[in-house]
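Order as written gives the chain letters A, B, C and D; numbering starts at 1 within each chain.
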Amino acid sequence: MIKAAVLGATGYAGVELVRLLTNHSEVSLEILGSQSFAGQKISDVYQNFNHVLENECEELDLGKVSKCDVAFTALPHGASKTVIPSLLEQGVKVIDLSGDYRYDDVKVYEEWYGEKHSSPELLKESVYGLPELHREKIKNARLIGNPGCYTTCSILGAAPLLASGIAETKNIIVDAKSGVTGAGRGLALQTSFCECTENSKAYKVTNHRHTSEIEQELSNIAGEDIMISFTPHLIPQKRGILSTIYINLKKESSAEELTEIYKKFYKDEFFVRVKNTGELPETKHVAGSNFVDIGVCYDKRLGRAVVVSALDNIVKGAAGQAVQNMNIMFGLNEKTALSNAGFYL
Amino acid sequence: MIKAAVLGATGYAGVELVRLLTNHSEVSLEILGSQSFAGQKISDVYQNFNHVLENECEELDLGKVSKCDVAFTALPHGASKTVIPSLLEQGVKVIDLSGDYRYDDVKVYEEWYGEKHSSPELLKESVYGLPELHREKIKNARLIGNPGCYTTCSILGAAPLLASGIAETKNIIVDAKSGVTGAGRGLALQTSFCECTENSKAYKVTNHRHTSEIEQELSNIAGEDIMISFTPHLIPQKRGILSTIYINLKKESSAEELTEIYKKFYKDEFFVRVKNTGELPETKHVAGSNFVDIGVCYDKRLGRAVVVSALDNIVKGAAGQAVQNMNIMFGLNEKTALSNAGFYL
Amino acid sequence: MIKAAVLGATGYAGVELVRLLTNHSEVSLEILGSQSFAGQKISDVYQNFNHVLENECEELDLGKVSKCDVAFTALPHGASKTVIPSLLEQGVKVIDLSGDYRYDDVKVYEEWYGEKHSSPELLKESVYGLPELHREKIKNARLIGNPGCYTTCSILGAAPLLASGIAETKNIIVDAKSGVTGAGRGLALQTSFCECTENSKAYKVTNHRHTSEIEQELSNIAGEDIMISFTPHLIPQKRGILSTIYINLKKESSAEELTEIYKKFYKDEFFVRVKNTGELPETKHVAGSNFVDIGVCYDKRLGRAVVVSALDNIVKGAAGQAVQNMNIMFGLNEKTALSNAGFYL
Amino acid sequence: MIKAAVLGATGYAGVELVRLLTNHSEVSLEILGSQSFAGQKISDVYQNFNHVLENECEELDLGKVSKCDVAFTALPHGASKTVIPSLLEQGVKVIDLSGDYRYDDVKVYEEWYGEKHSSPELLKESVYGLPELHREKIKNARLIGNPGCYTTCSILGAAPLLASGIAETKNIIVDAKSGVTGAGRGLALQTSFCECTENSKAYKVTNHRHTSEIEQELSNIAGEDIMISFTPHLIPQKRGILSTIYINLKKESSAEELTEIYKKFYKDEFFVRVKNTGELPETKHVAGSNFVDIGVCYDKRLGRAVVVSALDNIVKGAAGQAVQNMNIMFGLNEKTALSNAGFYL
């Protein structure tokens, strides 16, 4: 059994990790770290866990965590930076859900996060934990920078076109819509029920940090520096991200041809479901599961591809992907604890 | 492996059965019966099943179903009546989700359903599939009348007080609130998004059929004929039933004493979670799981117990309970495929 | 023009007052009091007011308020107690939306609120502002205790039966469901979007303060002391309260007879709409309007009336009723600014 | 008083017209046309109208309608084509909410609607009813093609940049999100509560009819033929459209400069509210009102403007705009019955 710690277990990403790991046949969940709820049972904080998992949340004790095989760090941005180097030294593999270890280039991080990176040397070995693109590196990684929710959805949606060479690299636009769990469990007027319900809005237009993550990965795929427009929106649902991606093409194409490019690119990927021509993803199809659904359209008037991708932001966009990474790192079947169909209802 | 058929697999209760059985280690899902979608893959009708279960739905073929060990019949009211006797003859165990086989007394059925029962002789052997009350009988049953969603929630909420003898049997009132999946997938103005959202209402006040089911079971427990007020309400959420139950008591009591009665009554029941004094259930705590949560309050001014019970109407109120019954009928661990904590988010 | 001040203008009840008064032909809105947003324009705090009302919110200045004809006090419980006596002395009529001036008997207040009343002498002259029951007293009042949302819905739902003498006064049960605006704009985990959506629950079972308000008014009507069970529930919608009321009857009756009692009782009341037999209220029918809808059923098996009443908690349950009271106090047409049909969608 | 008929009064756009006209001081609502509900009171079909408007719906009687001054035709696509020429002959002014009379060029209509236009000669005189662009022509029009909801939001969002000459006309992308009322009241699985809630999706990607309307108007403004990407999305709320518009610029700019362009362009427009730099619209700010809110951002890395516009699809996107057009056609104050702030909650 793999001994696992979840640090930050009572946030939304953290508790989703707990939900998934509780059903994982190869994992023993040793530590539920929570600053705010230390001393309380997880089943008191999230009462759906009664009769299922009644472990106590505890304050961070590095000595104790160092006896685990893997730590999932779902800590507030910055907090993980002090903890992670220490855990690595003790031989604990770390899957970090913050933005700290997602970057190839420390300068990009520092520009978009507006502060010095505390352990830039770790960026050299940390692996961007998107298995569909970096599976081989993940296998041997000690430290995973687990991708953000918007980024997973957008990168996987755009990757095949950029890899195929058919895409123009200018004028790529990603218009993304997210459910409210993406904002976390902290209290804020804008995530209160009466302010969210029946409301939609864009936010952080032109300057959301995830832009830089998407650009990094798409640039790597295309082999040239790419800059994109990325616009996040908040929509009144709990789970789900839908990205609508606009990409000009270098030559005439068709929906069938584009779909074929996607099907080929993802032919071995269980968690990516490419829609048949004429079908489109919906967030309901992926809610509660680790799947990404992608549909591709072609606008023949404009010579432009319009790609729609959907995932559950706290599963494939956070906790599920983290478990997928763990499965790969520990040589397990990648689908373990992740092969269910989600909720639909 | 137990060979199972789900007849009516594309309704909301049916597809929830499919969701649960897909994760059941001892079941092989042989037949997905669907009149409306015969010839289509379940993963086209419910696209969350892509890559997970891509079996074709098929029209009813009794010969084929008769090779299964168990059939779940989630057919429109009445349809199951013609199919079920034939399946039983062929040695198939049947778990019926309609109201047809839930009654001890055919007269009660005929009064509340307003029509003749087509196979009254089967009522003698059919077992009311509420494991917490009838586990022994379920073990050896061929035919289960799987309880309704409102009824499971209400009966389990009231049973301990009636069994204890502390309850007065007059003036029992059950005020129940249900999510919209309870109305099924059929199209109706009242279940359209724009009419449901931001709306709550009572319906079938004084004459909902589930009244008779609740009365039958509570009367059996109390050992005398009980009549109750049962009022169903539709509230703007997908899953969940919350029953608020008012019961006068024969003597002074306290919240602690009442809670103790409940904890004792359900001490061996994994799927019933009795709240500690001062805590109350919420539908979010049970969504997606097979649990029933129950909280008990005491109004000392009035000498009255107020009990609140919650469950997920399409899990413990339908598909989950059906799987629980199957587990019992086939000698499996009762929790198989049902021991997860639900969604919360 | 009537000069009006709204104190506490940026809470949900306050801003609904602003919305209604902005459309009131006889009112000049002089003061928008707000501790939290003093110095900001109301149209910055609630951006729907841009181009419509761009007045600045201001800190409480009693001297300035004293130049108004009427002050609506939608202040946190307790705060209004220090302000109101002073305003009355200056000749300002006060419509208070807190619980402070709703009681005939200071002891009842102190028992349910758990503290001393600061100006018990004012309770003698303050009028319970439910126009359908106390219109004559409201006409000449200086100080209105504007009823709560649950209470208005419940009292108006039960009043006709109690007035008619047909109702038994024991075993009256009020099971009420409320939208989330009722909890106000303050931040709380339980009113955050992700915790509220797809969730329903009961709260303050057996001890909600509004119980005492309902009992006071129903006792007055019945001419004897009445105690009731009142259970509030939170349901996932913004606006709306639905009360389901159970009342045993002294003699056999029928839905038609009971409906007739209600139609007669409210025959001159514009804001009360009694449903025809067989029809029931829905919160959607009253959202955004000052109407209360009431439907009456009869359970002939049990000799019990089941009454369902619905209103918009921040209109007829707060701001709309306050405007209705003001209209009466100032001799205006009672319907001024209140005669619209609400939103439906 | 202006005598008005609403034909198609029981659809969502129709009943919103009824809601607005009921509060219009200069209008007498003579006819509520409804094929489906003829003979029933509007207050039975939409029970929020009880005590407010209890007129009977009636079948189409052209003779009767011809005695009105204005007819609002909110009929299914095509149905209005037979009715409208006849009404115009009788001297009735017509404001048509279908797509039939929105086009300058019959060929564009026939290409996007896939059928012959039945009265192409009327296209010469019909006026595209977007007052902010065509007020002068509307004043003297007999026949208004009232713009669609997506189009109003998108055209008003893009117009100032195109008029200013700063915009490149290639690579304009409009990504629009709509509430479910936009789909109307007809029954469909995809608009049922359980399928819509917690779901978002794109639809009719690259081929939605409104594309052609937007292109027509933007081309007129720019003075050259413009083709755009327009992608509609369905999101889980009742009211509201949010359009996010991407436009490359010919020269460097700034958010301040772009905002200034918008403020100047709309300086006399009451119903257009341009946000200050750094602020963005939300659908909640416009729900229930006739306002369009627009915020403008500048991506200096890409030399691209990102504009966000929001309106209520059944008010400014349908019924409210129709009333605004009527006000202009009849020489009334354009704001009559439309100057309220909307709901917010």
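The definition used in the following text is that a contact is a pair of C-beta atoms (placed from the backbone, for glycine too) under 8 Å apart; a residue touches a chain by one contact, two chains touch by 3 or more.
On a predicted model such as this, the values are computed, not experimentally measured, just so you know.
Q: Looking at C-alpha means, what's the farthest chain from chain D?
A: Between chain D and every other chain, the largest centroid distance is to B.
Q: Could you quickly compare A-C and C-D and let me know which has more C-beta contacts?
A: Result of the comparison of A-C and C-D: C-D.
Q: On a C-alpha centroid basis, what's the spacing between chain B and chain C, in Å?
A: Going by mean C-alpha positions, chain B sits 38 Å from chain C.
Q: Provide the C-alpha centroid distance between chain A and chain C, rounded to the nearest whole angstrom.
A: Chain centres of chain A and chain C, defined by C-alpha means, are spaced 46 Å apart.
Q: Distance-wise, how many Å sit between the C-alpha centres of chain C and chain D, to the nearest whole number?
A: Each chain reduced to its C-alpha mean, chain C and chain D end up 37 Å apart.
Q: Going by the contact rule already set, what residues in chain D reach two or more other chains?
A: 12, 181, 194-195, 197-198, 236-239, 282, 284, 287, 345, in rising order.
Q: Which stretch or stretches of chain C touch chain B in the complex?
A: Residues in contact with chain B: 171, 173, 175, 177, 179, 194-195, 197-203, 205-206, 227, 229, 231, 233, 235-240, 242, 244, 246, 248, 280-284, 287, 297-302, 304, 306, 308, 310, 345.
Q: For the complex, which residues does chain A have touching chain C?
A: Within the complex, chain A touches chain C at residues 12, 180-181, 185, 187-189, 191-198, 236-238.
Q: Within their complex, state which residues of chain B touch chain A.
A: Residues of chain B touching chain A: 12, 15-16, 19, 22-23, 46-53, 181, 198, 238-239, 270-271, 273, 282, 284-289, 291, 293, 314, 339-345.
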